[in-house]
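In structure tokens below, several structures.
Shared between the two complexes below is chain A, which has chain B as its partner in the first and chain C in the second.
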Partner chain A sequence: MRRFGYVALLLTGLLVLSAGHALAGERRLVLVGSPELRGLDLNAAEIRQLFLGYAVTKDNHEVTAAINKSDALLYEVFLQKVIFMSSQTYERQLVAKVFHYGGQLPPTFARPEELTAALNSRPGLVTFMWEDYVRQLSNVTVVNELWHGSIE
Partner chain B sequence: MAWLDRIGKYLSTLSGHLVAGGLLIHAILIPLLFVGIGAIVAQFSEARFINQIRSDSWLFSRLLIRDLTPEHAQTLLDNAVLDGHVIYAALEMPGGAITAKGSLGSGHLLFREDFFFGQHGDGVYNVIIPVATDDYPDAKLKLSYDESTTTDHLNTIYKSGLYLVGAYVFLSMIFGTYMGMWVTRPLRALRDVARAVASGATDKTLAVDTRISEVKSLAADLDSMRAKLVKHSEEIAASETHLRAVMDNVMDAIVTTDANGIVQSCNPATGRIFGYGVDELAGKSVDLLLAPDAAGAKAASDRVMGTAPEQPGDMLGRRRDASEFPIEMMVSEMFLNEQRHRVVVFRDITERKHAERELLDLQASLEQRVVRRTKELAAANERLEYQALHDALTDLPNRVLLKDRLQQAIQVAREQRHSLALLMLDLNRFKEVNDTLGHHMGDLLLQQVAKRKQQVLKEADTLARLGGDEFAVLIPHVKNVQEANGIARRVVRIMDEPFIIEGHSFRIGTSAGIAIYPEHGTDVATLMRHADVALYVAKGGNSGYSVYDAVKDEHTVNRLALMNDLRRGIDHDELLLHYQPKISATTGRISEVEALVRWKHPRRGLTMPDEFIYLAEHSGLIRPLTGWVLEAAIQQSRSFAVEGIDPPPVAVNLSMHNLHDAQLPEFIARVLSTWQMSPGQLMLEITESAIMADSVSALDVLTRLHYMGIRLAIDDFGTGYSSLAYLKQLPVDEIKIDKSFTIDLDKNPGDLVIVRSTIDLAHNMGLKVTAEGVESRKAWDILVDLGCDMLQGYYITPPIAADKLREWLVKDKAGGFRQFQSPRRTHGS
Partner chain C sequence: MNTDSHRPAARPDKKPPKQFYRTLGPALLALAACQIAAPAQAAEADQFFFFPAAAYAWRSEDPAGAARKREGEIDLDLFYTTDRGHLRFLAEVFGKTGGESEIEIERLQISWELWPGSRLWLGRFHNPIGYWNTDYHHGNYLQTTISRPGIDAFEDDGGVLPMHIAGALLEGYTALAGALWRYDVALGAGPEINSGLQPVAVYQPGVGAHDASFTARLSWQPKDTNNQVGVFAGLNLFPGASLTPVDVRQQLAGLFTNWHFGTRTDLLAVIYFVDNELTSPGATTQESFRDGYIQLEQALGAQWIAYGRAEGSSGATGNAYLNLLGGFVRERQLIGLRYDLAKNQAVKAEISKVHLLGDRFDQINLQWSAVYP
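Right, the complex of A and B next:
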């Protein structure tokens, strides 16, 4: 029993440590928009289409994307997990699309509060954020989870 | 450390500055460029690396997701690893099981996903791609890419860049050094020329052979500056030389001091004047040059110090040997370099002071002489004035003074409203005495007459001698006519008493005419004329005196009418001239002619001068009358000359009143000039009495006429009473013996003696003699024998008209008159 107790204690410790470790490195990258977009389920291709500068209409919502550059890691995770390009190639791609097909570049925000205000003022506008940051906001809702995983 | 010094020197040069500057610029810019380019290249390389990984891993996941069977997965993973780019690949199934993996090495012990190049520093870029399928919803593809290829590539770029930078800096140093030397070469050449100019080669042109326009322009500007500086220096040098020469040669000591009176500089004259060396005074007080005990020393020092008004002043200076001497000091202020200085000028005035003393002595002496001379002159003037106003014989006031006193008395009488009396006196028998006993006795008689008359007069009364035997008495205050009569009576009575002179007893008697102011006249001329009229009346009466009475003045109306007629006659040319020739006793020809005035009166007919000359003399008409005669006589002479008849000199008679006319000489000169007649052709005849009546004035007028070249003659000589001594002083050329001596010459031996003596005397005095009144051949012969020079009289011809004279002159020119050409004989032989 005593041996079992030590093993149990060790396992509990390991579990706590691993849970703490997992909790510490686990991040969620989510697609967010105004509350009207709640429940709008966009697939990976539509999301990629949005962030390559194309508008997507779904469920009577015309959805456009805004680029969040308020956090360098967030932006690189977004590029690596959603766009699969480097930042230079992505931005060249956006410019090339405008040159070829017209339209406008997706708006880019470096300050999160401005981005939040844009989301509230422009229905259909979506962007990407860390989920833990989104929880602090009231008028923004998570539309899709783009990625989750540990970051060390 | 010599090389460090050389580098330091080199860096201090323009070339060194250019090189150092270039190096500094490159040292700053090249690293910046290198880092910048490196960063861009690194960013580009890393971005390309990441982009390739992300696209490759996504494509690889798309290939893998088609068939997630272990075999298929293993094949793909192996191929991926074998491709060489992926160093680890694994497919992780849910729960963490690795179903397939490929690896070039022992694999990774720790797989941590990277999102940035070089993240985690393990040289590997790990990426996880979801490959979820329906069968395997949580499958993940893990790929590891080798970052070293990109890292090595970047390192190679960095190394190459460093080499290039090094080479670049090295070449920059070489080229910079060369360019520095190339750029500074003309500057160095310019520097060398400038040094040469500075060392004296001022004629060297500042020019360089260069293509650099700025340096060329600089050289041209410097050369222009050199030329201007050289010219300016030459001007300054010339000016300084001039100024130095002036300062060295100026006679005054010039000292400059500071505001405290300390000597800063002085000129050579300072040394000469004060005995100091020029450099000896510098730094010493200027007071050293001033006498310490002099009264003005403090004031002088104050002036130098600028505490007193700056005015030139005399004071005592002190030489080095302590001797003192007078100086004049002038202080002026100047500002130099914003500092106050004083310029003190000392002038040695020893000689001037000496000269001033001599001048003062001279002035004092001169003043004494002037005072003395002034006194003498005043005395002489007093004497002359006295002589001018008094009769020389009797010492009584003359006519001039009488008139003046009469004028003053009239004024006083007018103001005080009282009367005055004027008495005209005339001796009744004086001429007899004079003719009988000679002028000497006549003179003595006149002197006694004067003294006796004064006995009955008051001191306030004026007794004057008017000429000849004419006297006048001015009584400035009389109550009435009776008082004047009483005085006249006393005078007449006392003059009736006999005079005893040199044993001779005379009774001559006198007559007096009285005129009272204001009853008989209110001015001098009227009173004198009326007193004269009264005298005329008195001479005809028995009482010896008479008061003027217009009723008794039977001539008054006639005289006034005649006077008016005469005035009109002069203006209307009613006068005419007759001429009486003077014949030369030697040649028997006409020597001179005497012009004699006649008046062709409209009613009276031809009137002789004795009827109107007196009137003219007493009415102021004598002046225009004489003027008319002079002009007519001269005009006639000119007319004869124009006709070709050589006219002899013409003689014109002057009244004594003419001798009081100071304008007469100018008038005669003007008339002579008008008719172009020589002054020597004119002779003026004046009676002795006219001259003696106012001898001073007469002498003045006659002298002026004489100097004009006009000849003068004394008319009626022998009838007057002038002294020979006085006559000797007169500038006369001729005397005319009065006809009273010649008429009975053959009968009266006394006249013969007088005439002979007169002729001898005149000849001894160098005078010509003319005898008047030659009325017989006998008289002619006697006078010729006596040596008379010219003869005039009725024997020759009475006065004749101008036409008749013309005939005479023509005949005279033709050979003269035989009857007058008798040989000279000795009287009595």
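Right, the complex of A and C next:
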């Protein structure tokens, strides 16, 4: 009985360790915006449309996207899991869209503090961030989850 | 780009220095303007692009009447757009030095946003016909390949369809049933036939005889993909100039798709059905031809793309309309490789077998292209 107890303890420990490892590796990529956009439920097609440079009108909000280039890994995961394109192809598509219809490229931010300020100063602006980073910010809200999973 | 042009008229053995400098001068001025204008992008309503390209073409034969056997060319395409409330302005100026030097205002448009996603444009614009003409315009960097398909050739490169119209264009998109629907309706003055199609020139709007051109296009982009399937149709009236006293009534229709298989494989396929009625003093003839192409692109890693394209036509041999214009690419098979040097530059190499209406030859094209900023 005591032997069974040790085995159970060992198995439980392994389970906790492996679960802990998985949780530590799991990250969530989220769409964020100013607090006024809370509850705005955008579907996958609308999110893709936004990041290809088109405005989306929903629930009386005209939503536009900003590109977050403050973290190379974040941008890479966004391209692979949300846009499904290489950075060259994606950026070529953005230029092609403006070349066709006119308008502007989505604003790109390399500094997170400037991006956060823009989210609050430009109505309807959304971008993508790691959820754990968003938790540190008081003035932005999560609009949608874009992807979650572990990063190898 | 003209290194791909097979138009018979393009056969200057020696470029007169005057013409070269006449073109180079404005190109250099435009380049300087780009440098000055670039900081102005801080104003967020403005967007500026500058597409330079340098290309070289070698042909196995110098068929009578076709372009030269070896040809180098430098291109510069300048693009500017700005928004002022619901108003949007857009301009594209293309210049090249090489076989036939030129600077031309390709697009000059102003629009009003009717509702979100929909605009009414006025001016000279690219005809929303097929896929290529409105997705790549004159920006060589944006297209994976060096050459345009023969059926989509610009008028001054021996094109047989109206690629530029001056008039009104309703353009927009709407999300419906989980898909993005794009629509275009264009109505305006098309080209005249004067040893080739001659569209309305922005700087000489009253020159030439121009009649009506009409095009409608609808495309469907399913759900959250980048795939597209579309249909288009058009009616064009081309008055003949005194040198070419033949009036043409052209009806056309077609289908296109741009389909992505995973993240690495892309397929672009287009088919055109074209009916022409030619009226010359004392005679009327009706003819039709079909033309299409299929282009396959395969990404090899992040920076390389291998591609191939097959173009073909039926009813082109002996077609009076195509003979009238000359230089039509009746068939072509090509393979090529694109290498993205950096975020904004590409080097491409292409080998092709070209079959014009009367001649066949092999061709090698090399090109460097970029987009700035």
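One rule holds for everything that comes next: the second predicted complex is superposed on the first by the 152 of 152 C-alpha atoms of A that agree within 3 Å, B and C clash if a C-alpha of one lies under 4 Å from a C-alpha of the other, contacts with A are read in each partner's own complex, and residues count from 1 in each chain.
Operating definition for what follows: a residue touches a chain if its C-beta (ideal position, glycine included) is under 8 Å from a C-beta of that chain, and two chains touch if they have at least 3 such contacts.
Keep in mind the model is a prediction, meaning the values are calculated, not measured.
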| task | Figure out whether A:L73 sits in contact with chain B (first) or chain C (second), or with both, or with neither. | result | first
| query | What is the contact status of A:F99 with respect to chain B (first) and chain C (second): first, second, both, or neither? | reply | second
| request: With the two complexes superposed on chain A, say which partner A:I151 touches: chain B (first), chain C (second), both, or neither. | output: first
| query | Of chain B and chain C, which one touches more of chain A's residues? | reply | C
| said: Touch test for A:N139: chain B only (first), chain C only (second), both, or neither? | reply: neither
| message | Applying the document's definition of touch, where does A:S86 land relative to chain B and chain C: first, second, both, or neither? | response | both
| message | I'd like to know which partner A:Y54 touches here: chain B for first, chain C for second, both or neither. | response | second
| Common interface positions of chain A, toward chain B and toward chain C | 84-89
| query | Can you list the residues on chain B that touch chain A in the complex? | reply | 44, 47-48, 50-51, 54-55, 57-58, 112-113, 115-116, 120, 127-128
| note | Per the touch rule above, chain A residues touching chain C in the complex are 43-49, 52, 54-57, 62, 84-89, 91-93, 95-96, 98-105, 107
| Taking the complex as given, what residues does chain A use to touch chain B? | 73, 76-77, 79-80, 83-89, 149-152
| note | Touching chain A in the complex, chain C uses residues 44-47, 49, 79, 81, 83, 88-90, 109, 111, 116-117, 119, 134-137, 139, 141-142, 171, 173, 175, 178-180, 223-226, 263, 299, 302-303, 340, 343-344, 371
